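Notes to accompany the following structure.
Chain IDs A, B, C, D, E and F follow the sequence of writing; residue 1 opens each chain.
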Amino acid sequence: MKPVVIREIPRAAPGDIDVLARLGVSTSHEAMGRTGLMKPYLRPIYPGAAIAGSAVTVLAQPGDNWMIHVAIEQIRPGDVLVVACTADNTDGMFGDLLATSLQARGGRGLVIDAGVRDVRVLTEMAFPVWSRAISAKGTVKATLGSVNVPVVCAGALVNPGDVIVADDDGVAVVPCRQAAAIAAKGAAREAGEAEKRRRLASGELGLDMYSMREGLAKAGLVYLDTLADLEREG
Amino acid sequence: MKPVVIREIPRAAPGDIDVLARLGVSTSHEAMGRTGLMKPYLRPIYPGAAIAGSAVTVLAQPGDNWMIHVAIEQIRPGDVLVVACTADNTDGMFGDLLATSLQARGGRGLVIDAGVRDVRVLTEMAFPVWSRAISAKGTVKATLGSVNVPVVCAGALVNPGDVIVADDDGVAVVPCRQAAAIAAKGAAREAGEAEKRRRLASGELGLDMYSMREGLAKAGLVYLDTLADLEREG
Amino acid sequence: MKPVVIREIPRAAPGDIDVLARLGVSTSHEAMGRTGLMKPYLRPIYPGAAIAGSAVTVLAQPGDNWMIHVAIEQIRPGDVLVVACTADNTDGMFGDLLATSLQARGGRGLVIDAGVRDVRVLTEMAFPVWSRAISAKGTVKATLGSVNVPVVCAGALVNPGDVIVADDDGVAVVPCRQAAAIAAKGAAREAGEAEKRRRLASGELGLDMYSMREGLAKAGLVYLDTLADLEREG
Amino acid sequence: MKPVVIREIPRAAPGDIDVLARLGVSTSHEAMGRTGLMKPYLRPIYPGAAIAGSAVTVLAQPGDNWMIHVAIEQIRPGDVLVVACTADNTDGMFGDLLATSLQARGGRGLVIDAGVRDVRVLTEMAFPVWSRAISAKGTVKATLGSVNVPVVCAGALVNPGDVIVADDDGVAVVPCRQAAAIAAKGAAREAGEAEKRRRLASGELGLDMYSMREGLAKAGLVYLDTLADLEREG
Amino acid sequence: MKPVVIREIPRAAPGDIDVLARLGVSTSHEAMGRTGLMKPYLRPIYPGAAIAGSAVTVLAQPGDNWMIHVAIEQIRPGDVLVVACTADNTDGMFGDLLATSLQARGGRGLVIDAGVRDVRVLTEMAFPVWSRAISAKGTVKATLGSVNVPVVCAGALVNPGDVIVADDDGVAVVPCRQAAAIAAKGAAREAGEAEKRRRLASGELGLDMYSMREGLAKAGLVYLDTLADLEREG
Amino acid sequence: MKPVVIREIPRAAPGDIDVLARLGVSTSHEAMGRTGLMKPYLRPIYPGAAIAGSAVTVLAQPGDNWMIHVAIEQIRPGDVLVVACTADNTDGMFGDLLATSLQARGGRGLVIDAGVRDVRVLTEMAFPVWSRAISAKGTVKATLGSVNVPVVCAGALVNPGDVIVADDDGVAVVPCRQAAAIAAKGAAREAGEAEKRRRLASGELGLDMYSMREGLAKAGLVYLDTLADLEREG
């Protein structure tokens, strides 16, 4: 692929992005019809961070962080940097100096399908990172890649400008032009959950609240008293 | 296998369960003659939790949490829910609503050979979970499984009613009818350890405290001054 | 290999070891020309620990911790125990009793290419461990190995007496006779980073600070306005 | 667990075992209601082998094959040796000498949740093995385990005397007392498949043969002409 | 995501597809500028198969092969079925009956980011499959997915109609509208390799043929006579 | 580390190398006292190859095969190329052109802790490779590494000139100066095995041939008639 940097990308409305940040990964993913998740091997470097922002994407050669420097120039306040590699790699492609620069540009955090280092300083900076590994392994600056092209990161397609939602449950990708709709759907879903939580906390069973008993019986579920009964039936 | 729910399971004496909770996983496992451990890929979602309780077991289809709803009805105060899958899976089969329901029934926690989500809320609820993954991936409710049948969970056989012991070291399974004996053996083992700890803290060597020197020499262990001596000998 | 214990090993100057501890893993690794790292699957059992010390090495049979008892006698204040296995293994070869003994001898911590247990107590003791797994699985004491021979631990060659540097970024191995030189190089590198951090924090781009623009252009990097431009070019 | 050897185990009728061998793993597994499979990381060392036989089980310490020697004495013609380990391990616990001995006793093959070596000779001997690894790593003979106790092997519970079915698709475990019933169900299933195969080969669609269209429509499946139609609908 | 089946997809010219099949995966991937590869965990079930064809895509729930039946109706002669899952899964979602049906429709093979079974029969049928696992684990038919939507399969984006190239080196995806250009570039590349092969076979070094010596020297490569020289220099 | 090429390396006597090739990996590894094995994830690209030769080593950046071109100049007839990476990587760093060149120089094969491609052609050329992956992923030529320095490859230390023994069981490393001694020990071991094989084939048990019964009894092994006896004893 020709190495390019795309300067202009779409971005969702800040209000929708904020709603998605508050809803979090699981609710956003459900609101999208259970799609858009990165694989669970991406984990936050410290617990409790929860962000959303517009994706500035990088496609990099394994072990080479040259293009991350290039990408930071394209960051605007509220963006999230998303780094994909052309092959599986765990090298520490990003550390505290890059985080300082990204934070100075208004970047909200990093999602990287590779490794990160200086995690203690990053934690002190309250700079959130979701990565596949923590590794001190240094990288070179030798081979071009691209910035703001569509990438597959941790199993999910990310188009530049898509909304990245990340928290302790992982990372979700909301397509830019669906951000408003998903935010609305997610908020509605959330509203319904408070009432469900109250009922379940009071001891009501999900079996009853969701009216599952008939479906289970129709599907053939059988209740027996003891394991011995099961063995007897064979 | 015919999908069934078994309603009555044996449970160990609460006093024995409490002793096992205090002893923890490593001591219980040693007291069983080094058996009964789940694989170490099961990890707690937050540090510090330490529980024991009677296993209510679930065998589920990957990506399907229908049977967890069924199982919660079978939970009694002090129980631990144990979820096994018919194939390796990391989907987030359990979240804060199910935890609310389980807690309302008196359940002490969850051991799941799959994924869990809403981990931030679960942590705030002090609801302990040992899982193979954290994943926002939603599940369907389409295929039956069974509740309270023997299952293999994370490499260990669990019969319904077995005592599940779980802490920062992992998860152990104590057969229900051996609970009293293992609790007693473990307590005896624990008593011996305080004295050992005191002696080791004072600088005594394990080599001497356990009288290992003779056995090592008989097995052929050789002491040399330097690596150069080793190379000279060849 | 003949099972041996080597009693005398070289040790780097305490001042150099202290400098390396302060510099940490990433800086030490860079100062060595990006070498000497253990694989990133080794992780600390709790965050925040940062140590350096002279390696006392163990080569053990999987599932057997006999030689760790032997090795503790060889520990001097300031040493770090490094345990390699003859095959991949995650058993809990080390727990709080061994840690008590190692701490009593002045050992600073443990690096083990296997499992560790009693991690809650170890955390309370402030005894740092970098391991490939946390596992309650108990071990036997049946087969000899060696102490203070060169070992490959988590992918890195460790000669007895090498300086082990370990922190939240992982574990690095500095050859004993290079400790002073690497400490000096690392300290110089560190000094330069403060000024870089200040400039990046003020909004200066790495592209400019490192004068990368010419190199990128020469390598063929192309800037386009939009993805549509890219598709048009083909 | 107390180390024991159990001398007498149940065995299924040879005729049923032969039927299961012919049906193979996938059909036997389906006939059991989709249960009883070992994990797919167990692979045959050469393609084409397909066996069934009564399980003689071994529980061994990782890296230690002492109990395999013990188990071979318990083998009778038509048996399959099943080796489980107390922890994940890939050492080469079994090679051509053990295979020679097992074959001399009438053993039909080996299923081992660990490693195997001498695979070239084993292939020449037409001695089939399903293992998790091929490894030359030698083992010790130092620690007891048990023979003919229930074990969990590659995620499946195996009771001594259960019928092990193994072919290119993996390994299944048929409980001894269900062997006749499963053989009968599997044979019936197989008979039905010939007709299905003929119809599908003639171009009939599964959608029609299995009458799936109505169920799909009811579940909400929508047919559109082009992707552009989908984007238009949103 | 709304479950849909898209009936009409673009397809590349048969002549270009045939050229890509002949060039194979590595050459096609190089001709695309080193992009478009699926991850190397996808392996063929038998060696020697080499195909190319238009992708009919499936997005399926883990453990559920309902949509594969739906997809087969959309297959035209020369197509390749590409199955992605919404979560990592190794179940045997495809076997000899589905292969019979797919072959009857003119399908050339299967690429599946999950498991496959009946591999012995598939091999006898000369039906090529690239999968992440071989597993007898049966699947349900309970949950909808989609056919002929863009999917991420084994880390690569596949749009319906893209050309799938698969051989012993893995699987590559050539975007439909680039098929002609990539086929042409690849053929040119191939032509150049014959001459290179001849020169290298005659003993000429790559260092000379590619004129690498100057670049290596400029980058700082140093030649020394012995390791002792290196140690002397430090 | 300074990038260097070392021109002169020690090599073992051709006769000893030939003996080691004949003995194979398992016997050589046993003759070294069960040391010197690479990890079992290295697998041959086709079955049946069995070689030994002097190691010419390469340390390469992940995704970069520049140094392999450099290394080939250092190959002499009978050598084996050993490629280690500074980080885990599966890219296809080596293909049929490099194999043609290596073969023209008299190289016997390749051991690479990364990926390889063109495996079908390599198989036709009878060029043996042991690799961690098969991958078409192309590599760059941008960053220096070193040739003929000590490397850790797949968990084993390899000094340039060490004898690499590789067959279907994996890869072993025999230190150059021990080659004669290990060849002699291995040959002696092999001689003893023929007699053992004959006795075992005749039905004699390992328990008797190795006189294990007394040791087992002393260690506490108990024989019981049935599982019921075990349960009765508790």
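Methods note: a contact is a pair of C-beta atoms (placed from the backbone, for glycine too) under 8 Å apart; a residue touches a chain by one contact, two chains touch by 3 or more.
On a predicted model such as this, the values are computed, not experimentally measured, just so you know.
Graph distance from subunit A to subunit E, where chains that touch are one step apart, equals 1.
Chain pairs B-D and C-D differ in how many C-beta pairs are in contact, and the one with more is C-D.
Taking shared numbers over all numbers used, the subunit B to subunit C interface scores under half, which places it in the different class.
Taking only C-alpha atoms, you rotate subunit C by 180 degrees to land it on subunit E; that is to the nearest 5.
Comparing contact pairs by residue number, the interface of A-C is reproduced by B-C among B-C, A-E or B-D, since over half of the pairs coincide. Our note on geometry: subunit C versus subunit F, Cα centroid distance of 27 Å, whole angstroms. In terms of their C-alpha centroids, the spacing between subunit A and subunit F amounts to 41 Å. Each of the following residues of subunit A touches two or more other chains: 2, 34, 86, 88, 90, 135, 137, 150. Subunit C makes touch with subunit D in their complex at residues 61-64, 86-91, 135, 137, 140, 142-143. Against subunit C, in their complex, subunit A makes its touches with residues 2-9, 46, 66, 69-70, 72-73, 90, 92, 95-98, 100-101, 103-105, 115, 117-120, 123, 133-138, 141, 144, 148-150, 160. Every residue of subunit C that touches subunit F in the complex is listed here, in rising order: 1-2, 32-35, 39, 86, 88, 150, 152, 155-157.
Listing the residues of subunit F that touch subunit D in their complex gives 25-26, 29-30, 34, 37, 40, 43, 47-48, 50, 167-170, 172, 193, 196-197, 200-207, 210, 212, 216, 219-227, 229-230, 233.
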